[in-house]
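Presented below are the structures under discussion, each in the form of structure tokens.
Next come two complexes, and both contain subunit A; in the first it sits with subunit B, in the second with subunit C.
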Partner chain A sequence: MEQNFTQKEYQKYVQKKSPNSPIIKNVIMAFVIGGLICVVGQIISNYFKSRGLSTEDVAGATAISMIFLGALLTGLDIYDGLAKYAGAGTIVPITGFANAIVSPAMEFKSEGYVLGMGAKMFVIAGPVLVYGITASVVVGIIFFLVGN
Partner chain B sequence: MNLEFLKAFIVGGLICAIGQVLIDKTKLTPARILVIFVTSGVILTAIGLYEPIVKFGGAGATIPLTGFGYSLAKGAMKGVEESGLLGAFTGGISGTAGGIAGAVLFGYLIALIFSPKAK
Partner chain C sequence: MTATKRLGKQTVKLQYPPSIIATAAIVGKKEGEGPLCSYFDQILDDVLWGEKTWEKAESKILRETIIKAVTKAQKTLTDIQYIFAGDLLNQCSGSNFGVRELEIPFFGLYGACSTMAEGLSLAAMTVDGGFADYVIAATSSHFCSAEKQFRFPLEYGGQRPLTAQWTVTGSGAVVLAAEGSGPYVTHITTGKIVDLGIKDANNMGAAMAPSAADTIYTHFEDTGFTPDTYDLIITGDLAQVGKDITEELLQKRGCDISKQFTDCGLKIFDNKKQDTHAGGSGCGCSASVLAGYLYKELTQGHLNKILFLSTGALMSPTTSQQGESIPGIAHAVTIQNTLE
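This part shows the complex of A and B:
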């Protein structure tokens, strides 16, 4: 093959050669796996509802259960295998939040239990809490100012 | 079978598909995706757009991280209704306390018990 391809020609060449764009396949996989994880969440949520929990307690209990499952499947090395195919389908659900805590915590256990495990647990979860909580407090303050 | 499972599948799947498009098209790291999703959840809830999605999609809307943002914002607004300005500070974490404590406890215990597999 000639080496004097321009960037654009090369891109066209690659696009022609790839049978179907990987992004389509990635998005479909993320949709299917992410959707299935939410169905599991719905099953757990329905179970707690049937036990007579209030709406808020159902949400809390479901979140705790899903986080437990995500953490356990990460420990068993199953979740990361799934993530290879599912991409955002395993990152975006709350099980992915658990995965983002357990993975670095296990990885950095060798650096000690305080600054290794204890600190690295929050490499990704920390920013999520920082931005999420900050945004919620700002919303609360605005709600307070507008509502009164 | 119930229609609510299908709704959860479609809504949850679509939210994850949006995340995948962001990853593939923008090269955003997963950490940034998570931050964007939780913050979007807070903002969409505050302007009243996320509640209808939760009503329709159930777990399909609450299980993705946007749902975590939804719980935070809902908690903060409820907190303000109940205890004024102080509620803006206490409401969000109160609404998500179970999930946060669960994530810390299970994250710690699982990492304690298991070790990463050799790659």
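This part shows the complex of A and C:
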């Protein structure tokens, strides 16, 4: 049978036969829902500003609030339903980062709090932390050497 | 002693075809909302079925399905001489824990989603060979435990591509007996691994299609049957993409099965209404469709002779991460109401 196709030919053929994701619809949904999440963030940010927090504290408090909301909505089984339509619109904001940590934490709780939840809550977000922190250290060193 | 029951390259013709005397299927809520809902013995409301973990729930589904099948066969567990069972979890743990309390000699199998036909093949050969009077073949899968094992956490916000499939929560068990009035297992074509380099675990249908086409083609070559020999040729979980490809691959070899051909993964869900994308998958998919839908259609005479093929995508999360392609496999079993 398989001599009909080389692997390359078959992969090309499969690509042709497989339905594509509706990219335009996905992009629009990501823009709208991702945008709405940002609007919520802006409202929270304005609120903290109106309460007299310094610019730096406003940024921190807003991030903390958004992470809380992302975690809460994940726990309430709402975030993944939203993400089904929003795609990148729910992954890119900081709420998506919260979702990426809370969802495996919930899933692996059944394997214990230490080796289950504690160890595996970073299976998705771990690389972001590793490379994010590494990159910031590298940039910091460059800044230290060149910036002054 | 020579092997007198062999037919061609990959097929055996059973000399004393065992009879399927009873089946049972228990499925989850989503499957129970699908087009085949009336064919299942039990539909569960709760993904955990009163258990603490999905893994425990899956084992319970398998165990209860086996017990139900034995009860329907009007036998007791002590009458059953072997169980052939498998699932998708690491180290076959769904089955290991599922049959733990049954105290029946047990062969644990891993053929991914091809396990139902694999188990049925081995069970039928065991009975045909005179090694047992009553044997069970069963498999299970659970959407949540399979997602956890192979993909992302359930609550993780990601988008599934249209080629992705939905793992069936459910189990099917078949009781084979040396004596019985049918339907009979008469021919077995054991598939070989075919791998055309598909690496996308969200497109398993495309990865398995070449092996399904290969097994179907070889089955016809070995037996001399034609597509018209069968009322139905039904694959396990190729779903929409894989089914279309299989049909075309066979057409290219001059073998037109479009009239008889369907797929358990397309039967069990209404893809449009149930948002299951390409269709169902998992060990429990072909098992519950065989034990629920197909067996009843056979015994009621709506179908007389079918070719049942479970299809498996034999990757592991480790091999996928290491960039390996997905080896496909398909095993075919002929089930018919009468013996010629």
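Brief remarks on what is shown
In this text, the second predicted complex is superposed on the first by the 126 of 148 C-alpha atoms of A that agree within 3 Å, B and C clash if a C-alpha of one lies under 4 Å from a C-alpha of the other, contacts with A are read in each partner's own complex, and residues count from 1 in each chain.
In this text, contacts are C-beta pairs under 8 Å (C-beta built on N, C-alpha and C of every residue); 3 or more make two chains touch, one makes a residue touch a chain.
In this text the structure is predicted, and so the values were computed from the model without any measurement.
In the overlay built on the shared chain, the residue A:F143 is in contact with subunit B alone; subunit C does not reach it.
Partner contacting the larger number of subunit A residues, of subunit B and subunit C: B.
When the two structures are aligned on the shared chain, A:G96 is found in touch with subunit B and with subunit C.
Of the two partner chains placed by superposition, subunit B and subunit C are both touched by A:N26. When the two structures are aligned on the shared chain, A:F68 is found in touch with subunit B, with no touch to subunit C.
Of the two partner chains, subunit B is the only one that A:L36 touches; subunit C does not reach it. With both structures placed on the common chain, the touch criterion links A:L82 to subunit C but leaves subunit B unconnected. Judged by the document's definition of touching, subunit A residues 26, 74-75, 77, 86-87, 91, 96, 100, 102-103, 106-107, 124 lie at the interface with subunit B and also at the interface with subunit C. Touching subunit A in their complex are the following residues of subunit B: 4-5, 8-25, 30-31, 33-35, 37-39, 41-43, 45-46, 57-60, 62-69, 71-73, 75-77, 79-81, 84-85, 87-89, 91-93, 95-100, 102-104, 106-117. The touching residues of subunit C, when paired with subunit A in their complex, are 52-55, 148, 152-163, 194, 196-198, 203, 206, 210, 213-214, 217-218, 241, 244-245, 248-249, 252-253. In the complex of the two chains, the subunit A residues touching subunit C come out as 1-2, 4-5, 7-8, 10-11, 13-14, 17-21, 26, 74-75, 77, 79-80, 82-84, 86-87, 90-91, 96, 99-100, 102-104, 106-108, 110, 124. Those residues of subunit A that touch subunit B in the complex are listed here as 22-23, 26-39, 41-46, 56, 59-64, 66-68, 71-72, 74-77, 86-89, 91-98, 100-103, 105-107, 109, 117-118, 121, 123-125, 127-129, 131-133, 135-137, 139-144, 147-148.
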